[in-house]
Structure formats: C-alpha cells, structure tokens
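Please find the structures below.
In what follows, subunit A forms one complex with subunit B and a second complex with subunit C.
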Partner chain A sequence: MKRLMSLLPSLPALPIPWALLSHYRRHPLQLLALATMIVLATMLWTGVNQLTSQARASLEQSEQTVAERQQVVRDNGQALMVEDFVSLRLAGVCVMPWLEVTPASGNRIIGIDPLAAHCFGAGASRGGDQPLDGKPFVDMSTAASAGEAHLYLLTPDSTQDSDLPAAYHLKTFATGPETGELGDSFLLNLEALGVLVLLITALLLRSVYLLGLAQRRDSFALLHRFGVSPGQVQRWLVLEIIALALICVVPGVWLGRWLAAGLGGGFGQALDGLFDIPLYAGHGQGWITPVLVMLTVVVIACLGDLLLLRFRERLSLSVPNQGRLATALLLAGLVMAWLAPSLPWAFVAVALVFAGAAWLTPATVTHFANWRADQSKAPLARWRYRELAVLARRLTLPLVALQFALAMVLAVQALVTTFEDTFDRWLAQRLEAAYYIEVPVGADSRKAADWLTSKQVSNPGMNWHQVIRGSTRMTDKAAASSQQVDVYALAPISTLITGWGLLEAEDHPWEALAGNKGVMINEQLARRQTLGAGDTLQLVLDEQTRDMRILGVYPDYGRPVGEVLMNAEALPENFIARSESFSITPGELGITPVTDGLKRIWSVETLSMRDNSTIRELATGVFDQTFALTRAMTLLTLILAASALLMMGWVFFTTRAWYFRLLVVWGMSQQEVAGQLLRLALALTGGIALLALPLGVWLTWVLVHRINPLAFGWSLPMAVYPTFWLELGALSLAIGLSIAVLMRRQLGKPSVAPVSASALTGGER
Partner chain B sequence: MTESLLAVRGLSKHFVSGNETVPVIEKLTFTLDQGLSLALVGRSGSGKSTLLNLLCGLESPDAGTIVMQGQVFDAGSAATREKAAAWASLRRQQIGVVFQEANLMPALTLLENVRFRAQLAGRDPANSEDWLTRLDIGDLARRYPDQVSGGQRQRAALAMVFAMEPALILADEPTGSLDRQTAAEVAQVLFDLQARYCCGLILATHDAELAAGCQQLLDLGHLSAV
Partner chain C sequence: MNRYLGFSLGLLLLAGCSGDASEQGFAGLAGLEQSAAGETPYLQPGPGDRLAFPADFGPHPQHRIEWWYLTANLETTDGEPLGVQWTQFRQALQPRVASKPAPDSTAWPLQAAWMAHGAVSWKGKHYFTEKLARGDMGNAGATAVPFQVWLDNWRLQGNANNDRWQLQAAGEGWSYDLMLAIHGEPVGHGNKGFSAKSAGGEGSMYFSLVDIAITGEVVLEGKALEVSGKGWFDREWSSQLLKTGQKGWDWFALHLDSGDKLMAFQLRDDSGSFRSGTWLPAEGDPIPLSSEEVGVKALERRKGVPVRWQLSVPAYQVNLELSAPPGDYLNAGLYPYWESPVEVSGSHSGVGYMELTGYAD
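Entry: the complex of A and B
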C-alpha cells in the first residue's frame, strides 16, 4: 500500500488531459510561443483600443473646455471691473469671474471664484467644485497677484440678452480653436483600424495555434485508437485554450493599459500645453470589455473550426469554387465600396475585400510560383518556385496577417500624413494671419479699414483683411426652395487668403473674387447642392435674389454648414453681420502700434485679440502627439505580424531542414543552399509586400474618399508615398533575410529524416 | 585486375557526449573496387550511417585517410574549403546516396525529382522518364512523393541515383521501411542495375539476406572484413 501511494503522484488523475498536455512537456517553446502570442495580441489590441478611447475622451473634454461659451461685455467696449460683477449679480444674472493672468514666466493661469460658479449648476463643476490647489486654476486672489490680469465674466448658455442690465450685452467666449469634425474623423478612422488590428491578431493567434495542433495530430490519432472519442478530445482542447486564454489575457490587458498609459502620458502633456488646463482624460475602457473581447477572439480564432464543424462541412467548397467565391467577394467589395450609400455599407465593403484578399493571396502566390516553375528550365529555379508554392500554402495565415498588417501600416501612414497636411492647411486657413482682432460692438470698422490701408502703404510687410460673418438664404428656383447658408465676406482679397488650395476653380479665381465677379463655396455646400466651379447660385441679399457665378470650391475640413465666400464689397449696406473682425499680420511694424491705433480709432481701452501663432503651435502639438501614437501602434502591429511570420517561417523551414540538407547530400555547398533559401525567403516576403501594396492603397482611398465623406460630408485629399512603400518593402525583405539566416544556422546542424511524408513533418507539398 | 574505386586507411571517428568521448569508428581500413558491392552490417549505433557520411564527405574523420577516385581526403579535410568543394563535386557527379526514407523533394513530382538530380549532376535529363519506366513506375511519373507508396518512392530514389550515372552508390538501409516482398524487389533492382552499370555499392543494413547479396561484407560490430 505504501509502495502504491508513492506511485500516485506520477499517475495522472485525468489521463486524457495529461496525455494531451504531454505534447507541451516535449515542446515547451510551442506553449510559450502560443502564450506569448496571446499576451502580445491582447496587449496590442488593448493598447490601440485604450489609446483611441483615451484620445476620443481627451479631445471631447478639450473641446468642451474650449468650446464657445458666453460672456458678458460692456456695450462701450471698456474693460470689465469687479464693480461690473457686483452690479450683474445684484441684477440677478449668473456670472462667474474668469481672471486670466499671463505671468512673466510660465504658463497662463486662470483665477476663478468657486463660490461664484455654483449658479452654473453641474455644468460648471470643472474647476468650480474642485479644490483650487494647482495650476492653471487658482483662487482669484492668487491669480490677481501673479501679474497683469484680464477679467472676463462668464455666464451660462441659458442667459439671454434681455436678462442683462442696460450697457451690457452677450458675446461668445472661446479659449482656442475647435478641432471639430477633423478630430472626430481622425478618431473614427483610428477605430476602424483598431478593428483591423483585432483581425490581424486573431489571424496570428490562429496560425500559431494551428501549427501546434497539426503537430499534435499523431497524438490525437493515438488517443482515438485507444478509444477516446474525437468529441472528448475536442472538449479538452476547448478547456485547454480557455484556461490558457484566461491566464494570458489578463496580463495582456494589463500590459496594453500600461503601454497606453505610458504613451498616453505624452498625449496628456500636449493637451495640457495646448489649453493650459489638465484635459487628458487618462482613462479608456475598463477591464471587463477588453478581457471578454479577447477571450472571445482567442476562442473563436483557435477553435472556430470545432465550434462550426457542421457548418464547415456543409460549406466546404472545392478549390476552384473557393477561388471563384473569393474573387466574387473581392469584386463585390470593390463595387460596394464605390457605390456605398452609407457608412455601414462601406464597412461591409471593406470586410468583403479583405476576406476576398485573404483567400486569394496565398492562391495567387501558389499559382504564380507553379506557373514560374513550369516555365523554368533551370532545375534549381524550378525547385525554388515549387517550394515557394508550398510555403504560400502552408504559411497562409501568418502571410495573410503580414499582408493585412503591411496594408494597414501603409494606409495609416498615408492617412496620418494626409491628416497632418490637412491639419496644417486647416490651421493655416483658420489662423491665416498672425493676429485676429474683433471689432467691438458699435465700432466703425470702415474707419479701421481706412487706417490699416494707410498703414500698409508705409509698411509693405503688413497684410490684413476684414472679415464679416453672417448668414443669408440661397434659393433654388427649380425646386422652389431655399436654405440658409453662412456668409464669409472678406475685403480686401489679400495674400492672406489667396494661398488657399481650391478643390476646383475657374481661371484666376482670386482675381475674379477681388474684382467682385463671383463667389466661392465650401466643399460641404458643393457636395450637398452638386455645385461646382462655373455654376451659378442664387443668393438673397438686400431682399433681392442675385445670381452669383461660382469661381471655385474650397475645402473646409469638416465645417458642417454650407458657406459662401464673397468679396465684402458686394454685401449690401444693411447686411446684418454676426461678427466682424480683422485678421492682421503686422510685419515689421509689430502688433502694439496696430492695437494702439485701433483702440484710439474705436475709443476702447481693450481689444479682444487672439495670438494665432501660439494657438497654432499648441494645436499642432496635440495632433503631432496623436499622429505619433497612431504610427507607433500600427508599427507595433507590423512587428507582431513580422515576428509571427518569422517564428512560423522558421518552424516550417526547420521541419523541412532534412530536404534542404538533401541538396547538400546531392553535391551543393552549404553556401549555395543557403543562397537558394535566401532567394526563397525573400521571394515569399517580398511577394507579400507587393500584394499588400494595392490593398493598402485601396484602404487609404476608402478611408479618405469613402468613409470620411459618408461620415462627415467632406473628403480628405488622397496621397500616396512611394518612399514609404520602399521602406516597407525593405522591412519585408529584412524578415525574409532573418528567416534565411536562421535556416543557414539550421543547415549546419544534423537533421533527422522525417518518419513519413504526412503533414507538418516537413514533407508537405 | 579491377581498379580500386575507394580506399579507406586507419579511419577513426568519435563523438562527444557530455564529458565523455564515444568512439564510433576506430582505425578502419578497407578498399572497394569498381563494380563491386560491400555490405556494412553491425548493431544499431555501430557507426554504419556515420561511415557512410564520412565516405561522402558530409562528416570529416578524426584520423585516417579516404582515397576516392584518386583524390585523397585526410582527417579534417572536409572542413577546408577546397576539400569541401571537392567532396561536393564528388557527391554531385559521382556519389549517389539513398536513405531509408525521404529521398525525394516533396514539392516536385517523381519525374521532376529524377530530372532535377540528373541536371544537378550535369547529366542529360532526357532519359529521366525512361529510368522511371525501367523501375516500373513510369505511370506514376507525374505524381508527387506523398501520392505513391513507400516502395514506389524508393524505386524513384533509385531512378534518381542511376539517372546521375554514379561511380559509387551509398545506401543507408534503403529497404528498411518496406515490407518484405517490396524490400526484396527494390533490393533486386538495386543489385541488377549496380551490376549492369558497373558502379560501386556500399550498403548499410541490418538485413542479413540483403547483406548476403553483396560481394563483400564489413561487420562494424566486429570490425572484420569478409
């Protein structure tokens, strides 16, 4: 009995899982590879997802903070004093003092009075209900002692002009430019790419798992002979992968969050720098969602075949039919993407094209390789092409994953570069001059314009124009309808604006606009009304409908309202302006003489002025960080895909080492064989890079020309970057080179002859 | 008088296992004349496969000399670039090697395999299909190795070897994975062709019946030549 007890630890209590798991005792690296792949895939997707949700939360928070609010100003344009605050509160108006101080050194600080903010309700909790123990929000008295201060009085959106005492009126209050739909668009694209990352990681997981499964087939067959049913084996496999997923997914999610937090810190700093306010949301999704998503992905990726075995048998198709179906999916996706009437259709189209490409890519490489083998006279070339065909078939999943990853990186690079370029132009368009000065209510802008004209004569470096914003109606005679459009009127048509890129235009459009021979419209209006350069639109000005020739269409990067850009000289005298301002680049003159002059002309003590260069610098900082993060995450995806292919390629080449060594037995030197392997590996990875290229370019096109217009009504310019293609090609070749180097090392070692020519013992064809 | 194809003098080889040096072959001497066959016998681990590897330059001896078609290879010579190239040239054109299994490239058809080997050896590949026909597998020429039986694969391996017109065939348990009848058929084909084309044959085997078909016998277990 005692002897029997001593044997118990070595006897398995559950013989079937013990027998199944014995595979990993013999091949611990395989288990480690699978676990590592689950951890890395989880980390990558969680990281991307976390960053995207953080970026979205941060941008939303920043936009809320800098969004236009209301402030109360004096009718006479004079600076507000504490007495104004008192008299307004006595009149029952909810106002909160907002004291902006720019110290001699350091960031701007804002002094607020938390008690005064309470009448804002929950909406004013930011800063108001929090202890004022750090920058930029400090107590009013602290801010006042920090330097020269400017007092604003903010009031809730519910306050109406009629609520105010005489001598006051409402005015918008904004602390920065809105990123608006440009930011939304970028984040939508990031989310779409996050789904693609999930798909790629699923493919990689599946490839690694199937490799292990194939090597365990002999064990399964043996168990079957011992009377264990396939169902029992499958159930244990399900339990095995769920247990492994549970063990690996949690640390993967933790790593992903850690990665996102590490990378996102910089993002938060950039946001803080932009708005002088701690805006970084710093939190994305919780733990449950990513853990559940990744568990589902792991189980489906690894055991999808088992779960859908019956469907799979019913749906099994012959090889030619698979090819036809894949081609049909691809073509359907391409057509659908072209004609997609809404966003869901565009996403379905992308899914179809990727499914078709995934099916067709290995088949295309195989057909090409076999065709080249048939054409080749040289025996080694023929052998090499036949081997390439085998590789393409056997490494289907990691190859497709690499193709997707390459396509995604290519699309993201083009997208990010396009966004950067667009963002620059968006900023340039909105911040075209160095300074933006609002015309005080009741002030004579004409006098100011005359004065600026006289100043410009003596200061040729100076540049300016007056901006009048308002709205009017645009009529459609044919449809007997009309709609409101924004009016963006400028005078004079200076070089501040003539540098804008136009989507389409007649000849010399800016000269024509300066000569008051027509108007320009924004992209939104052009798309909605199917208007273009050379067409005519009818605007209601001064109670009269006027035909206006469209001189050009300008991009507006997300402005949701139709807008007409016209020469301010064409506006009737009684046009009601919503706002008037001057955009001024003072040149060598400097801004102080300009502001002094304008204060004198308008008889005001202070001017509402915005320094556009600071805003440009800060805004650029935020987006640069976001773009850098996006690039970093897609690069990580590519590295993961490349590592998986490297690992799979190496495993596969190792199982085939006997046959490569056969070439040495047949009289080729190791160098010659290594050279052949190098050419083989380079052909494989280079071929995949080539096939990824059209997919990546197409994906870029879909993102900028289909998804963006469908989601937001405006398109980004499509750009391709061949230098980056070359970089990706070089990277693919480097992966091939690495496989070849590993194989060369393998060639030097003695290899064991395969026991049979069955699958994954090296005898595949 | 027959010309000596191969002469082995004082050949030794050992392997290192942990801290221990295990001698596999010690001071082996024998010759093989053109057109004759030699059976290598001995228990498992007696060094049959190692000797075949030494005789085609895939491994280098620790001591002794191999003279193959007038070329002299000393201990360590396989490692030098010139000698390695000389061995490679011999394997490519003069020495045909047949293993127990996996002699064919899996991605090539039987015919493509035979052509491939012939072209590597610099021979005319036009006769490749004839060789398969002579070995009774002409109708399987366009099949892949995993589409034919083990015996048919070994016949194809022999077709490959004879298509390269070798001076010496090194066969390592060529029938070891086959059933008795198929093994006998494959062995018969091997001996017939070896005799017809007058090449040397060194055959490593456990099978006494197969060994008996050779003109000479070398028992590595007892280091005795008969």
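Entry: the complex of A and C
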C-alpha cells in the first residue's frame, strides 16, 4: 500500500517515467548497483582494450625500430668516416648517417640527418621522419658533439652490392632483438581475451539489470492496472537504460583510460629503457570507440529480451530440447576447434563452446543438485540441494560470468606463464653469450679461434664458441625431393649452449655433437618432416649427400624456418657462410682485452659487437612488465565478476531470507542455519569453479595449440598449473564465504513477508 | 621562385632537426630575424647593391636563400619538344660571412641545407625528382671558380672560361647529360641586378643567362634521346623577398622567334599583384619593366592551375598567349608547384617556361 501511495501522486503529472523512476527512489541502492556495474564494466573493458591496443602499437613501433635494415660497410673493416658518407652520396648511393653515441652520463643517443634520409622515400619514416623532439633521435650535429660516436651508413633495401663503389659492401643492420611473431602471437591472444572480457562484461550487466527488473515487477503490474500497456513500459525502459548508460559509460571510459595510463606507465618506461625512445603509445584509442562499444553492449545486454522477443517466442524450446541444443553447440564447438582450418573458424568454435557452456552450466548444477536431493535421506541435505538448484537457476547469469572469468583467468595465467617461460628461453637461446662479435669480411676466424682458445686456458671463467650461419639443402630420398634448411654451425660446442632444454634427445647429445657424431634440428623441421632423435637426415654438403644422425630436437620458439645445428667441423672447406661471429662470455677477463686482441689479430680499428647482457636485461624488463600488466587486467576481471556474484548472491539470498528463517521455526539455531547457508554458498561457488576448470584448460589449449598455429604456423608448448587452480578454487570459496557471512547478518534482521520474495524471480518453494 | 616555397617547406625537416621551428611566414622569408648581439646578421640586398662576376656565380652564405635555376626548351631529333628543368637551392639556417671558412664536416654542421629539383617533360609526361642534403659536408655545394654546383651525383660544372657547362642529373626513369654553350653576358634584372619583389622594397639580387645553346642526351625509361635547343639560367639570392600574405608566384621566361626575350613575374596577394619583368630586345640593352607595364591574365585552368595565359607589355607591342602542353607538370616534391614548358602565340611566337606556385591546394 505504501508503494502504491508513493506511485499515485506522481501519475497525473508525468505518469509513466516518474512511476518507473519512483522504484529507484525507493530502492536507491539498486540504481547505485546498476550504475556501479555499468561504470566498472566499462572501466574494465576500456582499460583492457586500451592497454591491448597500446601494447600492440608499442610493440609494432619497437619492432620497426629494431627491424633489420641494410648498411654499407668498408671491405677492409675500417670504421666509416664522414668522407665515406660523402663519397657514397657523390657516387649516387642513397645512404643515411646513423651516429650512435653513448655519452659518459646518460642514455644512448642516435644522430640522424633527415635531409639525407629523404632519398629513402616512404621508408625514411623508420628514422628520418621521426619527430626530432626528444631522445634518442637528435640531429647529427648534436650527436657528434656528445661524445665518442660510431657512424653507420644505412641504405634502402633496394640498394644492391653492384650499386656500391669498390671498397664497400652491404651488410645487415639491426639495433636489437626482434620479438617477431612471438610478440604478435602474445598480442593476438591478448585481443582474443579482450573479446572475452567484453562478453563477461555483458553478462554481468545483464544479470544486474534483470535483477532490477524482477524487483520492479510489482511496479509494472501496478502500472498495467492503471492502463499503461507493456509496450509503453518497455519503451520507457529503453530510454531509461540508454540514459543511464550515457551517464555511466563516460566516467567508466575515463576511469578505464586512467587505469590503463596508470598501469601502462611502467610498461612504457620499460620500453623507453629498451629502445631509448618513447615507444609506448600514450595515445591509445580515443573516446568515441569505447563509448559506442559500451553503449551498444549495455543496450544489447539489458534490452536483448525486448529486441529478440519475437525470435525467442518462435524459438521457445522445451527444457530437454534446450539441453540438447546446448550440448550440440558445445560438441560442435569442440569439434570445430579441433578441425578449424582458419582463424575465423577457431573463433566461431570458441564462441560455440562458450555459448554451450553458458547454457549447460546452470542446468548441470541444477540437475546435479536435484539428483543429490533425490538421493539424500537427510531432510536438511535435501533442503540444501533443492535450494542450490533454485540458486543455480536464478543466478544463472552471474554464475556464468564468474565461470567465464575464472576460465579466462586460468587461461591467461597459463598463457602468460608459457609465454614468459618461452621468452626467457628465447632470449637465452638468442643471447646465449654476453657478447657477439662479428668476424669482419676477409678476416681469418681461425686465428681468432686459436687466440681465444689460448686465452681460455689462462681464464677458466671465459666461455666462447664460433658461430657460422649459412644454408644448405636437405634431401628426402624417398620423396625424391629436397628443401633448403638453415645451417647453424658451432665450434667448439661450449657450455654456453649445452644448457639449452631439448624437446627430445639421445643419450649425452651435447657430447655427441661435440664429437661430430650427428646434428640437432629445430622443432619446426622435426614437425614438418616428422623427424625425431635417433632418425637420420640427408644433408647436401660439398655437393655430396651425407647421412646425419639426429641427436636431439631443440625448441625454436616460433622460428618458422627449418634449421640444423651442427658441429662446424662437419662443414666442408668451401661452405659459403652467410655470417660468422663469435659468442663470448669473457668472465673475469673482461671484454676489453678480448676486443683489443681481436682487433690486433684482424688488423681492424673497430669491431661490430653487441652487448647481449644489456639487451637481455632490458628485454626481460619489457616482457615482465607486459606480463604483469596482463595479470593485473585479468585479476581485475575476476574481482569484478566476483563482486557481481557477491552482490547478486547477497541480494538474492536476502529475498529468500524468509524461507531460511523457516529453518529456525523448524527448530534450528541461528548458528546452525548460518552453517547451512555457508555450505550452500560454498557449494554454489565451488561448483562453478569446478566447472570453470575444464573450460579454462580448453581455452588455454585453443589459444596455444589452435589459434597460434593458425595465425602464425607454429605452436608453443602448453603447460598446466594445478597450484593456480587451487588458488582460484580458494578464491571462489572465499566469495561463497563472503555471501554466507553477509547472509548471517541478514538473518539477524527483522523478517519480511515472503510476498516480496515471490515478486522476485527467486519466488520458488 | 616558387622554389622559395618548396625549399622553405623542405626545411621543415630541419625545424625538427635544429629544434628552432622558425615562424617565418610566407616561404620563410616574411621577416628578418633579429640577430643577437655579436651574431652574424643576414645580409639583405638593396637597390644600391651591384652584381660581381664571377663571384656571384658562387654561394652567398650570409644570405638566407639562393638558387641556381635552369630551364630548357629542347627538341629531339624527331622535332618533338622536350622540356628540362634543373634547380639547386641553398637555405641558410645560420648566416656566415663569406670570407669565413666552412665549419668542419666531422661535426656534421647545420648552417645550411641544399635542395635540388630535376625534371623532364616530354609528350605530356612529367618526370620529377627531388634531392636534399646538409650543407658544408661535401656532397652538396657550389663554387664560383671553377663554377660548379652539385648535390650528390647531380652536377652543373663550367669550364675554365665558364662559357661551356655540363649538366648531369638522374632520377627514377630519367636522366640527362647536357652540354651548355653560354653566349652573352649575364643580364641583371630590375635596378642593375636588384629585383624588387613588392612595392615595399623587398627584393633580391637576380641575374640571368638568357642565350644558352644546349645539346646532349636525355634518357627516359631506358630510351636515349638526342636533344638540342635553348636554355635560360637564373641566379637569385636574398634574405627577405616576399611579404606575409603573398599567396603565390607566376613566373615566365620566354624565347621569342623574333630574337627578343622576355622575363616577367607576378606575386599574388589579397590586395592585387606585384608585377615586374625585363624586356630583352634582340638588339639593344635589357629594359626593366615596372608593375604597371606588365599585364598578366589567366585564361584557362586545368585542375585549378592556370595553363593558358595572356601576357602583355603594351609599351613594346607585346601581346602574347602562353599555353602549357597537355599533361600534368606538377613538381610533386615537399611543396608541389607547376613547372612546364609553354608555347607562345599572339603578337610573337616562341617557346619558354612558366613556373606557378600557390595553386597546389
């Protein structure tokens, strides 16, 4: 009656909107909950989306910055001077100076000449058209005055060796390690998870909105009695949710951007450190995209029923048929994921599996609870299971959202850990020694090797090996075909590489390799040719086909080219090396005596050297930050999902408080009732965690073994982390525990009539 | 002179480079920057200044901007007209007294920047290439004696007497190697070489070689063409030519079949145009033309660019119609402008070149 009175006065003036809004006047917390959920959901998705797009932009820029280019060098290995630049330009060769200076105090700076870069055309954007408003790119004159400088002369990819004057030749130029497809793959997965976050967001919004609608059914019924048609009410509801979305989405987007900026700052700094350039794109997406996306999501999530009403009416299926359809979707998704020929199919498969899981999960819990209730003899247990069945039916959406969130967190954790591990090993493989020193063209690498061997005798901490890279052909006698493979030859087989983890190997593989008793192949070659340790492959060396025993298979971390790792002693004298270098960890000796010695031996003034320890340190910093960022975002998703469930659970339990109090009427103490509720809440959230587990593992598998190979043609190793499962399980139980604690407090308050509960969707006995 | 625009905009690169983005109005030439006490100032040409040879063939490092500009109306052995342009600009970022030695190149100094444009127009096709270089490095520069102007592998070089020049340049799909026979003395425009560019007195030092016989080879898309014809060479330098508000430039240099020659230009702004020119009769001294003596009118446009003009100098019974051949002759460099050969009809017949800026938008 009181409700009726509160509605009546406003009807004559502004009947429908005020009558609808009066609900929120009486239940401001519901409005607050809905608004908060829209804000939080918007913040979450905007933040994740912003970070993902910024991370992609940053990595793309970094890739571009460190991408391999071409440079012109002197045949005699001498350092390039201004005169070289001038003579090359006068000869019509397009060269751009790149002056690297590391001042005594401060970071590395790079001097470039935008005028000289003009001849690069569009490609000049790699450096020449950079806005020269900060480090590391400065004008040549600034760099030249900053300290001892090293001049490189970059040339476009179109320049050929034949274009150069005598005494010069072309050489590759790279300023850092390329993450290549590894970084792309990580970002693709991150984006796939971003879509999932959007889905979770929609589910949460819908659950809160439907709860609000259920709580307003009395109001709607009353309006209907006053002659307001359901269609009118629906139209006003559409306007209401759009208005609410407009009000809440904007602060949500702002908060999301703020969150991304806060979390991304560290990421950006790490990238800055790596490349000495402000790479982190602080200007992610603008406002319009997230606002429009979130408005659409809010409207669809909340008004989907209205929009699809006719469709739903036509599609009305019986419960068993719904179950069959859900199972069919799930199975179809699973099969499709297995057989998906392309990325879109894989994504459709994921969507089908999630749709099926969303439909089946509450039904499964309900069926299980009813079955257990039928099996139980104890009345309390029967009550508890029946109540669990009701809860599972009525909390469908927040439960599914929590399940998805748990599955996603599980997948992200496995993915991030896998990538982290892979990055570590990738770095270890590519940067196995502290320094790389290239053998100048025409220089005698044997003399250097002899000298290093003698140095190693007096410096046991020193470690080194020579690397010869080239290519050859691998024949398949059976198929009468051959294919080109990269050759990665080492001598001696030092401890710098014997620490590599091998996917499969014969006994003592490194000793056998050192004894030139076989070769190792990379994962990619092993997969393509279905080769393994103990098999034999035929390599064409010195125009003769030689049988080589495969001693082991090493992981390639996304390297798409087949590669054979062999002892350099096995190479014929006339093998054409693409490059020769020494990987050296000097130990206590320090690198300066080593470089001085090599300069003397090779009679050159400068050496092309790379300090791997710095690169490794910086690269590790970047990736650590990226992973930390990803984990932070998934944790936030989980917290939001848990909060939604907590809120929904609490509201829903409250509506059933009258029934719970009947337990007291039946003679149980408050303590015992609280205990029953605790078991109920824990069963609910624990059950969801259990159901999230297979979904999460499956999602990990799809990301690592299906989406990645489809996108990039290679696969990462997949690992599972049961300890983390337990942590997630504990978190789910903590949510249940929180609901139980809240309910216990609720039970202590005065009782309300069950009529209010009946008005809600929880009105089942 | 459009060239000013192209050049100054090309130097936007340098603005980033040097960190002192200049706010220099039109063509970067709107106002003289005040030199701090003790710093070398830019020199500004005035009506009393005189030309000096051969020194003025060389660079003027204390002036802000200058160029060497050759246009040529040539013919292939089949009688097909073929147009050639070569231009090299120097823009000072920091003025330097001419007698002072150039800075050490190992410091990668940034006192000046150079830009070169090369173009060939033939059968409606227009080939254009742009090159840029930092000054004082060695790969771009100019000297008066021996006369040479170069940027990378493009080079204009004179002999000991400076009456035979060789010009070599190449871009994508084109190259030329031309021999230039220089006849006659340099012609100073305006007031004995000082050419006013506005009623306010801003101007430049400007002289031309107007009688150049050219022979040589042009290679287009791998096809070598023997060419011959006549050329027009301009030298101009200043520190302040144009004023803010001037929108563009229309310049014409014509070889009339009567043996007369005509150079005329107009600078367009909101309040009208400032015109000037030089009438070079076949016999007799050059005659400077004032703004009132020259009539310039656009008759027809192609994609917004006037391609047919009426040019008149009533005092000398000159009433010409100038037409660009079919085709697009936009030099699509850092700042696009139109540079095309023209055919002359009306009171006189002949050939020439025209250069139009400020229509690219």
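Note that the second predicted complex is superposed on the first by the 646 of 765 C-alpha atoms of A that agree within 3 Å, B and C clash if a C-alpha of one lies under 4 Å from a C-alpha of the other, contacts with A are read in each partner's own complex, and residues count from 1 in each chain.
Keep in mind that, in the parts below, a contact is a pair of C-beta atoms (placed from the backbone, for glycine too) under 8 Å apart; a residue touches a chain by one contact, two chains touch by 3 or more.
Since this is a predicted model, take the numbers as computed values, not measurements.
Student: Under the stated touch criterion, which partner chain does A:Arg386 make contact with: subunit B (first), subunit C (second), both, or neither?
Tutor: Touch partner of A:Arg386: subunit B, not subunit C.
Student: Quick check for you: in the superposed arrangement, does A:Leu99 touch first (subunit B), second (subunit C), both or neither?
Tutor: second
Student: Figure out whether A:Ala91 sits in contact with subunit B (first) or subunit C (second), or with both, or with neither.
Tutor: After superposing on A, A:Ala91 lies in contact with subunit C but is clear of subunit B.
Student: Given the touch rule stated above, what does A:Val82 touch, subunit B (first), subunit C (second), both, or neither?
Tutor: After superposition on chain A, A:Val82 lies in contact with subunit C alone.
Student: Between subunit B (first) and subunit C (second), which does A:Tyr436 come into contact with in this model arrangement: first, second, both, or neither?
Tutor: neither
Student: Which of the two partners, first being subunit B and second being subunit C, lies in contact with A:Tyr152: first, second, both, or neither?
Tutor: In the superposed model, A:Tyr152 contacts neither subunit B nor subunit C.
Student: Which residues of subunit A touch subunit B once you look at their complex with the stated criterion?
Tutor: Those in contact with subunit B are residues 379-380, 382-383, 386-387, 389-390, 658-659, 662, 664-669, 753-758, 762-765.
Student: Which stretch or stretches of subunit C touch subunit A in the complex?
Tutor: Going through subunit C, the ones touching subunit A are 13-14, 16-19, 105-110, 113-114, 130-134, 137-139, 150, 152-153, 170.
Student: Going by the contact rule set out above, which residues of subunit A touch subunit C in the complex?
Tutor: 81-83, 85-86, 89-92, 97, 99, 111, 113-116, 118-119, 131-133, 139-141, 143-145
Student: If you look only at subunit B, which of its residues touch subunit A in the complex?
Tutor: Against subunit A, the touching part of subunit B is residues 56, 58, 84-85, 88-93, 95, 97, 99-103, 105-108, 112, 115-117, 119-121, 125, 144-146, 153.
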